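Next, two complexes with chain A in common: one pairs it with chain B, the other with chain C.
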Partner chain A sequence: MPYHQFECSKCIPERIKHAVDKTKNDLTEALPLGYLNTIPGTLSERGCAYCGAKHVIGTPMKDVIHLSHGPIGCTYDTWQTKRYISDNDNFQIKYTFASDMKEKHIVFGAEKVLKNNIIEAFKAFPKIKRMTIYQTCASALIGDDIKAIANEIMDEMPDVDIFVCNSPGFAGPSQSGGHHKINLAWVNDKVGQVEPKITSDYVINYVGEYNIQGDQEVMQDYFKRMGIQILSTFTGNGSYDDLRAMHRAQLNVLECARSAEYICDELRKRYGIPRMDIDGFGFKALTSSLRKIGLFFGIEDRAEAIIEEETKRWKPELDWYAARLQGKKICLWPGGSKLWHWAHIIHEEMGLEVVSVYTKFGHQGDMEKGISRCEAGALAIDDPNELESLEAMYKLKPDLIVTGKRPGEVAKKIRVPYLNAHAYHNGPYKGFEGWVRFARDIYNAVYSPIHKLSLTDISKDEITTDKSFVTRQMLSDDQLDESIINSEKLHEYTGEFDSVKKLRRKEYPQYPMKGKLAAV
Partner chain B sequence: MEITTESGKDALMNYIMKNCLWQFNSRGWDRKLQNENIIEKATQILCMEETTKESLADRCYWAEAQQLVNEWECFSWLKAMNSVDIKTMMGKLKEALDYQLITNSLNEELKNPNY
Partner chain C sequence: MPCKLKEKERTGVINPIFTCQPAGAQYASIGIQDCIGIVHGGQGCVMFVRLWFSQHYKESFELASSSLHEDAAVFGGIHRVEEAVDVLLMRYPHVKVVPIITTCSTEVIGDDIDGVINKLNEGLLKEKYANREVHLIPIHTPSFKGSHVTGYDVGMEAIISHFAKKDKPQKKLNILTGWQNPGDVRTLKHLLSEMEVDANIIFDIEKFDAPLMPDGNHTAHGSTTIEDLENTGSAIGTIALNRYESGRAAAYLEKTFGIPTIIGPSPIGIRNTDTFLQNVKTLTGKSIPQSLVRERGIAIDAITDVAHMFLADKRVAIYGNPDLVIGLTEFCLDMEMKPVLLLLGDDNTNYAADKRIKVLQENINYDMEIITNADLWNLGDLLQNKGLKLDLILGHSKGRFIAMDNKIPLVRVGFPVFDRAGYYRDPTIGYEGAMLLAEKIANVWFTDMEYTQNKEWLLNMW
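Entry: the complex of A and B
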């Protein structure tokens, strides 16, 4: 497999080893470098280590005041935008807190202002008794001792608990450095402090899941239907005190290994809890994941019942979209884990051709997974700069880019449709129904007439009045076989606008406890 | 087409690399453990031999192995293969996994002593 030379990066020789053309299934010939400091002269789209700790992992926790010790800019840039909702009215999305460091604090120190801010925040929200504090570059460089302040407060206010994450922006090449730091800080400082009430014979932590538009709640629904107790979710829709009880699970079910494998590995080493990596996306991959969790606990029949019901309900809708998406070219350009969660299954189940995979902050292990799962011919890129992204899009001519909002804006400028891989468009995308919602978003992105219209310069181009009207049949069905068009089985998505709220009111079967892991 | 232990190994290797995640743990020693335990248990299941699954760790290896063997039903030739050939093929499979993902891997993080 040859390394890929971008024309625009010939002047940056170090970049050559960051891109590979997949020609065959052999990872020993070439593998893009990853998780390295950004090369001078190549403008990266990555986030900082503070952002990785706070925005990705810390803030999805729902019953917590999340406070950044630093200038307001760091806080503002990590507020909202990722749509990690929660079932407690989205407290963590509505409010963000900052100590608002200014120049004078850099000179005289900011510990006093931090202490006042902590007290003020707890007073403003008297029902919230938990807090996370994030160090930033500024507070790290002046050496404020955030832990000492947190301990002082916990002595003075015994009903509160505070977690401190020392992961300033410069503490790693990208947000991934922050994922690592907060994983280890949490297991070191907080796990083991709370003894949970065990209500099932089957107890898991659901790890590396951030409840983007309700993903966690969809998966939680399956686990609850299987009678599995989710002790904690790290961290989407997760509760601070539940996460202090992670040590009591029998299994860590790991979704995004990129951001959260560290805590699973530590829990395995310290408490003997095994790690099981799963895929929550795609019918086949999710089916396989539910089955192996079922096998682990000896409750395969419960997993099977869910798979049967969900597949029967949603497969005809997935197939409606798949029939219309065959052969469309897609660039899978997410942050870290979705390139491998999606690379094979989007091809297998929706018929899309993955022409490129990239990762912004992934490590070489993520590339190993992504390259293994995509088809030959795909271009794999580590942390591309904007010019490389443009060159790749002009060359590959994708019908769609699935990426973050920064590269997404670049794609839109050259009229390539873009879907948000991080915050989604009309998610959740996990689960059986979620996968159909993703297919619907892809279909709408690929076929929407808006992209063709946007190529028109209305100040000078002639607007045709007789040919502008198009229907879905004209756009996506003209090449389709009659049997598919007239199929009574296949049909478009019929779920509700909000597929998550109803789950919050749902009653679940109660399985009596047998007192031990029943199958062991 | 005649399936040999070599071509059978290739088919199973492709299946694992496309569909599984357990072989990609981040450290070399960890990958070695995963490959050893899951392939050993999958071999035992295929050969209808006893396999241990009492501890949580063994149970996790076994669940991965059992699910893999269940999915390998798509390879009809596997049912016709005798135990000796299965063991030879699975030995080669483990070697191929170790070669791709540990000994000849270009992943520079595999030797990192910390998680």
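Entry: the complex of A and C
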């Protein structure tokens, strides 16, 4: 096995199997261990199973009171630390609820206080009739029966519905444990409870999509233009009651397979709904995704029309950036699925060299996909920790890393620019336009004139006095071919600061129903 | 009585003002040089607190986790502390101080961190790290007690009681800061240096504002050393800036070493800064120089420009850490403003007996409400449903949506401020802090006047 030995981790021998150098010929063997318990004290970047359930999957649901049963910190931490927006004025971002468990509750139990809490919360927001409750370490350890309390309330208040997710922080090696638990809890407890109104011959659930900076709304736009009814989105910009009707879809269109394949697999088992894995990132991947969906429903022409229109509109802008990003080295260090969503496509479409991939909470399957898609020579790291990340960056000297907010600050200090992989810089990044925005953000980071200034040591280096400013383009076009510089076809991004708002006002073509439900 | 102190009526929390104890202990621990704390609990208890600090500072701080997983929750996780200490010490050879910080889960399980520290001291540290100075410090911060404020207080006390020694040769004045920003430490150092006072500032977090340098890795870190911490036991006096954040450590030093001690008030505003300087004078015998008279004069001049013309009678709500809220309230009153609602985010029973609150109750002649165990929905509900009228809100960034949705301008102050750039660099204490705060409040108000067309022409000539 081409395991990678980090100098900083020689003293913890079990780490060696968590990093692999992808060699040219040895692809089948190049698989690090994954999803195992974290080694304590390593400064791993992993989160907990509570946040995986609540913050990643639960809270993007938009019309719900999200309540955590535990001490205040869990709630505080998972509030205003992500960018899952919605088209109903961001209730899920603005409000968070906690039972605020105190010492006396630990001793005597907190079921009564939880019940009070639930009643208070519904009273404070009388228009909201749906609630999710998340267990935490403390409420799990004292053994409160949250479901029993939820059932009591639902008996007493017939117009409300409550979902309970038992996924305490310690339930698994990382946030991934929580993804699994909430997937199963939702399909077990809530799917099948609501019968939806079917308005199209083509009905999907859009699964594993969290509407980061509007991703869901961008993809929803394409589906609507194809005349497809989106029964529910699991869970970004998703509606609680829509998600109770998931069983009536004809197809589950799955985006983030890491966090949401479980529910797709259950829906296939229980309701016979097929699962189709798609990819909203990148022109090529998105094109084949829309084609696949079109093919499934026999509406390829509608997919093709969108692909043609969007490609024509945005490809010259993508190519403007691609021409200027050729050969730039990137560490692709997201949480889970983006390592394989992005690994090949940023190489093919932007010319970036992926010199490293890592995953905080992915499983071996994610690594397998990621490694097979990235370049030979790339360093793949499972459950990276701070010293290993630093060592990798010093060795690989990337032009950019794509990672989380705090690790991004670590990179900044050693003069490596970063882009936020989870929350994005100026997203959305899905969709054709979104992919141009991603390329634009990468370009802006790589050629940031101020960032370049950090490399100069004014006490030692010769200070160039001939320039009073530098633009990105002065840096990026310095060695560029004249034909590219003077191309009339290629141009920089021309979209707006907010590319999502306008979608909310859009009207869509009405396709008359042909199927057996048409008469209903 | 126009000034009422009461507890929030609801049992639960909607939009918290405060977070939990371990976060506070972690904030204390990053103030020490060559120190990485280990939080004994689930990984989220560290990952999110590191994120929280990085949101405020746009910097990363080092903290480790014992990474409690399911088996540990069932069978006990103390062995994970042992492993964490060893792994941390092996990989970070410069680390000398390792606070072991508990959380709700490990307190409920009952993991004996004091016992394991004894075991490690007698075993691992003697055998494997015999030639290395290592301090393991237990900090008990169950999340279901107190808040990040008490967590900081408890953390500072644990750290100081571990290190403080008497009869050290250096005789300095202890300044125990509490939950401050780098700008505060900078201004403190300035005030003390003007008075020629040799001070031991715990924790010295000025370097939390770290540079991006052409070489090396200049990660943000506090610079309080073991020696500084040892010297606290031999100081000529102690001033704790914030009663609820550094009061315990100050009381410990007073009781154990007989060090003359003054707890509070937070030097927010002109008057409280005057008091602080007087206290420094009392404890050190040093006089207040002309340079500070002038600095004070500049601040008063600036505040006079905005106070009675613009700020007078403006109705304001203030939320955040208790010493900050009380200090800001006192300063606002000096500037002729009307703090009408104060929100303190925990159920600390000492607030009722706090002298500063009693004085407010004795002297306020309009309706003021102080809510303890409060959340931001206390504010949102009053604004949206109960007809509360406000001109301004002072508090941290977590209240941004309540402020925006109710169209009340929010002056960012406290922790965290993640939606404005560079605020950690501005002091809120000292004369400079007072001046900057007054100007910030005025400028926020001016912008609001302009964008709501509320007598925006007033500023045509000023």
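What we mean here is this: the second predicted complex is superposed on the first by the 492 of 520 C-alpha atoms of A that agree within 3 Å, B and C clash if a C-alpha of one lies under 4 Å from a C-alpha of the other, contacts with A are read in each partner's own complex, and residues count from 1 in each chain.
Going forward, a contact is a pair of C-beta atoms (placed from the backbone, for glycine too) under 8 Å apart; a residue touches a chain by one contact, two chains touch by 3 or more.
None of these values were measured; they are calculated from a predicted model.
Within the superposed three-chain model, A:R324 lies out of touch with both chain B and chain C [touch as defined at top].
Number of chain A residues touched is higher for C, counting chain B against chain C. Legend: residue contacts after superposition of the two complexes on their common chain; A:P274 is shown touching chain B, with no touch to chain C.
By the touch criterion defined above, A:T456 lies against chain C but remains apart from chain B after alignment on the C-alpha atoms of chain A.
In the superposition on chain A, A:I106 makes contact with chain C only, not with chain B. In the overlay built on the shared chain, the residue A:H4 is in contact with neither chain B nor chain C.
Within the superposed three-chain model, A:K292 lies in touch with chain B and out of touch with chain C [touch as defined at top]. By the document's definition of touching, neither partner reaches A:K82: not chain B, not chain C. When the two complexes are overlaid on their common chain A, residue A:H347 makes contact with neither chain B nor chain C. In the superposition on the C-alpha atoms of chain A, no part of chain A is touched by chain B in one complex and by chain C in the other.
Listed in rising order, the residues of chain A touching chain B in the complex are 25-28, 30-31, 33, 35, 184, 250-251, 257, 261-262, 265-266, 268-269, 272-279, 285, 288, 291-293, 295-296, 340, 344, 363-365, 368-369, 372-373, 517, 519-520. Taken together, the chain C residues at the contact with chain A in this complex read 10-16, 18-23, 36, 38, 41-45, 47-52, 54-55, 58-60, 62-70, 72-73, 80-81, 83-88, 90-92, 103-105, 108-109, 142-145, 147, 210, 212-215, 217-219, 347, 377, 381, 397-398, 400-401, 405. Those residues of chain B lying in contact with chain A across their complex are 14, 17-19, 21-22, 24-26, 30, 53-57, 59-60, 62-64, 66-67, 70-71, 99-101, 104-109, 115.
Chain A contributes residues 8-9, 11-12, 37-51, 67, 70-81, 90, 93-103, 105-106, 113, 116-117, 120-121, 124, 136-138, 140-142, 168-174, 386-387, 390, 404-407, 409-410, 412-415, 454-457, 461 to its touches with chain C in the complex.
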